Amino acid sequence: MVFDMSPKVVDELVQEKAKGSSSLSDMITKLEKPRALWLMVPAGVVEQTIDSLVPHLEEGDILIDGGNSYYIDDIQHAKNLKEKGIHFVDVGTSGGVWGLERGYCMMIGGEDEVVKHLDPIFATLAPGIGDIPRTAGREHLGGTAEQGYLHCGPNGAGHFVKMVHNGIEYGLMAAYAEGLGILRSANVGKQTHASDAETTPLRDPDHYKYDLDLREITEVWRRGSVIASWLLDLTAGSLVKDPSLAQFGGRVSDSGEGRWTIKAAIDEAVPVPVLSAALYSRFSSRGEAEYENKLLSAMRFGFGGHLEKAEGK
Amino acid sequence: MVFDMSPKVVDELVQEKAKGSSSLSDMITKLEKPRALWLMVPAGVVEQTIDSLVPHLEEGDILIDGGNSYYIDDIQHAKNLKEKGIHFVDVGTSGGVWGLERGYCMMIGGEDEVVKHLDPIFATLAPGIGDIPRTAGREHLGGTAEQGYLHCGPNGAGHFVKMVHNGIEYGLMAAYAEGLGILRSANVGKQTHASDAETTPLRDPDHYKYDLDLREITEVWRRGSVIASWLLDLTAGSLVKDPSLAQFGGRVSDSGEGRWTIKAAIDEAVPVPVLSAALYSRFSSRGEAEYENKLLSAMRFGFGGHLEKAEGK
Amino acid sequence: MVFDMSPKVVDELVQEKAKGSSSLSDMITKLEKPRALWLMVPAGVVEQTIDSLVPHLEEGDILIDGGNSYYIDDIQHAKNLKEKGIHFVDVGTSGGVWGLERGYCMMIGGEDEVVKHLDPIFATLAPGIGDIPRTAGREHLGGTAEQGYLHCGPNGAGHFVKMVHNGIEYGLMAAYAEGLGILRSANVGKQTHASDAETTPLRDPDHYKYDLDLREITEVWRRGSVIASWLLDLTAGSLVKDPSLAQFGGRVSDSGEGRWTIKAAIDEAVPVPVLSAALYSRFSSRGEAEYENKLLSAMRFGFGGHLEKAEGK
Amino acid sequence: MVFDMSPKVVDELVQEKAKGSSSLSDMITKLEKPRALWLMVPAGVVEQTIDSLVPHLEEGDILIDGGNSYYIDDIQHAKNLKEKGIHFVDVGTSGGVWGLERGYCMMIGGEDEVVKHLDPIFATLAPGIGDIPRTAGREHLGGTAEQGYLHCGPNGAGHFVKMVHNGIEYGLMAAYAEGLGILRSANVGKQTHASDAETTPLRDPDHYKYDLDLREITEVWRRGSVIASWLLDLTAGSLVKDPSLAQFGGRVSDSGEGRWTIKAAIDEAVPVPVLSAALYSRFSSRGEAEYENKLLSAMRFGFGGHLEKAEGK
């Protein structure tokens, strides 16, 4: 039973054998009790969606937030709904737009009995063990992780684990980007450089005369190297399309999880220099360091009379 | 034709159908000209191995350094050998102890003709395209990268690319380690904390009451998530063996490539905050920040009369 | 009019010409209306102190929190008190235990009229312009900043500015500590190093044969260098007492402001790699990276069979 | 006795009571033996200046490099000159364009006897103890550090200490810049933000409604705060001139010492996350992260179909 603000979307899903509904209340009426409703909406409208659903729900019903919500909101939502006897389950998913083709995994938070009750849904959605090689030693461990879904803990735990997943993702992406940046500039020794007190001379230009082909390098790394990964696969794919990446301006968004990850780390006193650096690089890519940089130039001018150099090194 | 300082190793290889030799000079004599010799020795003894080989070599022979040498040494070796008409080729390999089973890729530096001449060797050693899915769009590109080896550029280019590979590896590893560190401490809200001016209170202990199972979480991430990778596979495998990792003390070595990567980035003026942070975490893991930390405590005592807290938070 | 939980402290202050009181309510009764009460208590007990004061206060009274509170609490306190017609003012102070001798500055948040009303208190407590040279160009600017106190903005602004002050302080301290760490290890070329695959060899030991005297270097930097500062003065003083800093173990506390600073930066999307790195170094100094490091060792063992090296490099 | 490529400069110095000379060889002839020559030339031309001086020099003469040379070059210069019996001394100075007015300190490297012989020069140039308060406990220590100059160690030690001084300087500057950046953006809660999946919403806009005056805040921090310093003095001065810093574009140069500092730290295995982050911020300010950022955008597009947002947040 599906509902969407757009009737067209509902129609499309009906053609794929879902049952359609014309409104939230229509959908709720048509569902058998106890109902299990799966919300898939942007984090910014979860709150109002829950508010508009609650009047139609009854004790024992289950609300599942499958979006990218902040786990702290989950904790609050679960608490509020509990007073009405309604259960809350949070599900973080990872797999991106490739999920349909490649499968996606689910990280679940909620009460034991409730998550167990929903198990058939998760088992159906999850990719299953497929052809991904088994981790040695897991044979006797059991559990659902190998199927691609996991009950991580109480309310919020699903989105907490997903949040940290994204924090790690930022770090991995930055590691590849920085390394490829070094490879791309491996020919600086071929360039002529300004020779003045504001420019650090390159001591050994002969050490930097490589014109490296990032498209080929990312491909060869896919073939048995220690740093093989799905993000590397994607990077290799992007570089095949256009090694210059001219389509992109380099203004990198961040969508919340990376920030929340750092805040959690700080609360826990866990050092996360890599994940933080990755987040800050995104901020800087959007020009957010501009005033800081002006301050640095002002100080340099202040103590040394250094004038800024114009663009073009 | 193989040689090793240990006759036992030579014997073992002979049983696997290699031809054995009893000394460097014996091996060289037995090889057809132009000879191609593949050195597989620790970086620290490459120099002396080359020195002891050179007197036995002739114009047109080829020396291949397949170890983990610094690419700057390659440039020098190639220059020195060129004067004698001997060719030098540097090959970085990645795949670790799993190479035999999983394949390993090769990054090659050297003169075009020479690397082309050696192609049959590389093609034989490389893993081949195997069952790793093809990068979309590569069908008409050709080249050897899909086979698992790549001629990256002139002398030193192979080890340069391998060096940066390892720099990235440090960054990826640190990203996973930091993220898993956050997950592991997600239960700090259950602990009682000291309440004094030297300790930051946890404002919302209820946000940190998760006992997360890293063994299961790393497994579920292997199943379609954005952060799936071979390093994650290994991490999941380690956690299956012992989630407490009690076998390890947490003193993390670094073997040179990570350091050289940062130095190259600095020469090129490429910002690499993530790769650097990953390297410094290794330094700190070995106690190298101790004096810095004492200085911080001394300053805090100096301006605020703050005394250090004993271990145990 | 003073009050403290300890009558002894009250007595001491009475001998310095304060008027004493025997309880909070006694103190409040003795004050003229509208009353202005200055709280100087640890952040953890501000809440309960306000709660116990409020029943005794009247419309128009003013509560001043001069401690190290989180500015977000100030905003809430001000809002709650406003409903009762009581004004709230937050004052962050900086100067440490040296304040009496050297003066200390005050950063103030609150309503314009209220802060103006309290001006005689701030003017009396502030160090005044003293013998600190005037900033060129300030002659016609007016304002109280030169006197050592500043009304920064509405409620919370005082502690917000103080919070960031401490964030900067962490960064400055770490910069000195790291630099001095480099100077102290400038003799690593004199040491013998292990020569194995787990240890990066020092390429040019001759570049690191300096036994530098940090006590003298910090002193000479006090004499006209660009990095002269009060923190450097303190560092020089600590090193005179004991260059080995044997008194300290290197477990560096953080007391909240540094963490809050990073959280504010993240909310604002302002990149703060230096301030974050400084905070994480403190976390690591207390062993908080241990599990992360074990994970790194486990991964290295996983792909390379690398065993950890025992202590002592 | 002075010489400069520009006769005009020589004339000016003669008017200030120096003796002039018309060429390097003229200057050398006019000096009494053993001669002490003080070079004050850009790092890039030290080598050729030494080469042109050496033919005119004799055993026992002393060459002093007072510029910003790399200490590794000093070691080489000293070694080469020693073969001719000529002594080499390296002197790093700090104080910037304010040196004449405020004094500047000198960090000296060279042989004991030679540096001792030059002591009258250093004592004359150094600022002396002046009115900078004495570090407690130094009364009986002796030495020249309090006078503003220090013999740090053998050849290269002077520039080594100066190099690290600059590395620290980068870190200090970045700490102030980042903190002030946070203060400047403390009003983000007043702005309207885009509400879409590419933008992290600000959860509590009410916490960020401060319009802070950085000109006044930097001034009040000069008055007794823990973070008082000469760099803060300069910053306060810059902000008095123009709080918007419109004169500056935010492209921050680095002139070598910061890079060399990091390389030394890496060789020594000393963790320097703060100093490195400060250096990388400068690289990024000059657009050096652009390709890295494009790669991040390409990856985000690859796994999530995320399109970049146009400028203006």
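Brief remarks on what is shown
A, B, C and D label the chains in the order they appear, each numbered from 1.
Simple rule for what comes next: a residue touches a chain if its C-beta (ideal position, glycine included) is under 8 Å from a C-beta of that chain, and two chains touch if they have at least 3 such contacts.
Just so it is clear, the model here is predicted, and its values are computed rather than measured.
Where the sister copies subunit C and subunit D meet, the same residue numbers recur on both sides for over half of the interface positions. Mean C-alpha positions place subunit B and subunit C at a centre distance of 40 Å.
If you average the Cα atoms of subunit A and of subunit B, the two centres end up 26 Å apart.
The distance from the centre of subunit B to the centre of subunit D, with each centre set as the mean of the Cα atoms, comes to 35 Å. Counting partner chains per residue, subunit A shows two or more touched chains at residues 96, 174, 176, 178, 181, 200, 203, 226, 230-231, 237, 259, 267, 269-273, 277, 280-281, 284, 286, 289, 292, 303. Arrangement of the chains shown, judged by which pairs touch: all-to-all, with no pair of chains left without contact. Within the complex, the subunit A residues that touch subunit C are 226, 259, 262-263, 266-267, 269-273, 276-277, 279-281, 283-284, 286, 288-289, 292, 303. Residues 42-44, 70, 96-98, 173-174, 176-178, 180-181, 184, 195-201, 203, 230-231, 234-235, 237-239, 245, 247-256, 259, 273, 277, 281-282, 284-287, 289-306, 308-311, 313 of subunit B are the ones that touch subunit C when the two sit in their complex. Here subunit B touches subunit A in the complex through residues 71-72, 75, 94-96, 99, 102-107, 126-127, 129-130, 132-133, 135-138, 141, 143-150, 152-154, 156-157, 160-161, 164-165, 167-172, 174-176, 178-179, 181-183, 185-186, 188, 200, 202-204, 206-213, 215-217, 219-233, 236-237, 240-241, 261, 264-265, 267-275, 277-278, 280-281, going by the rule given at the top.
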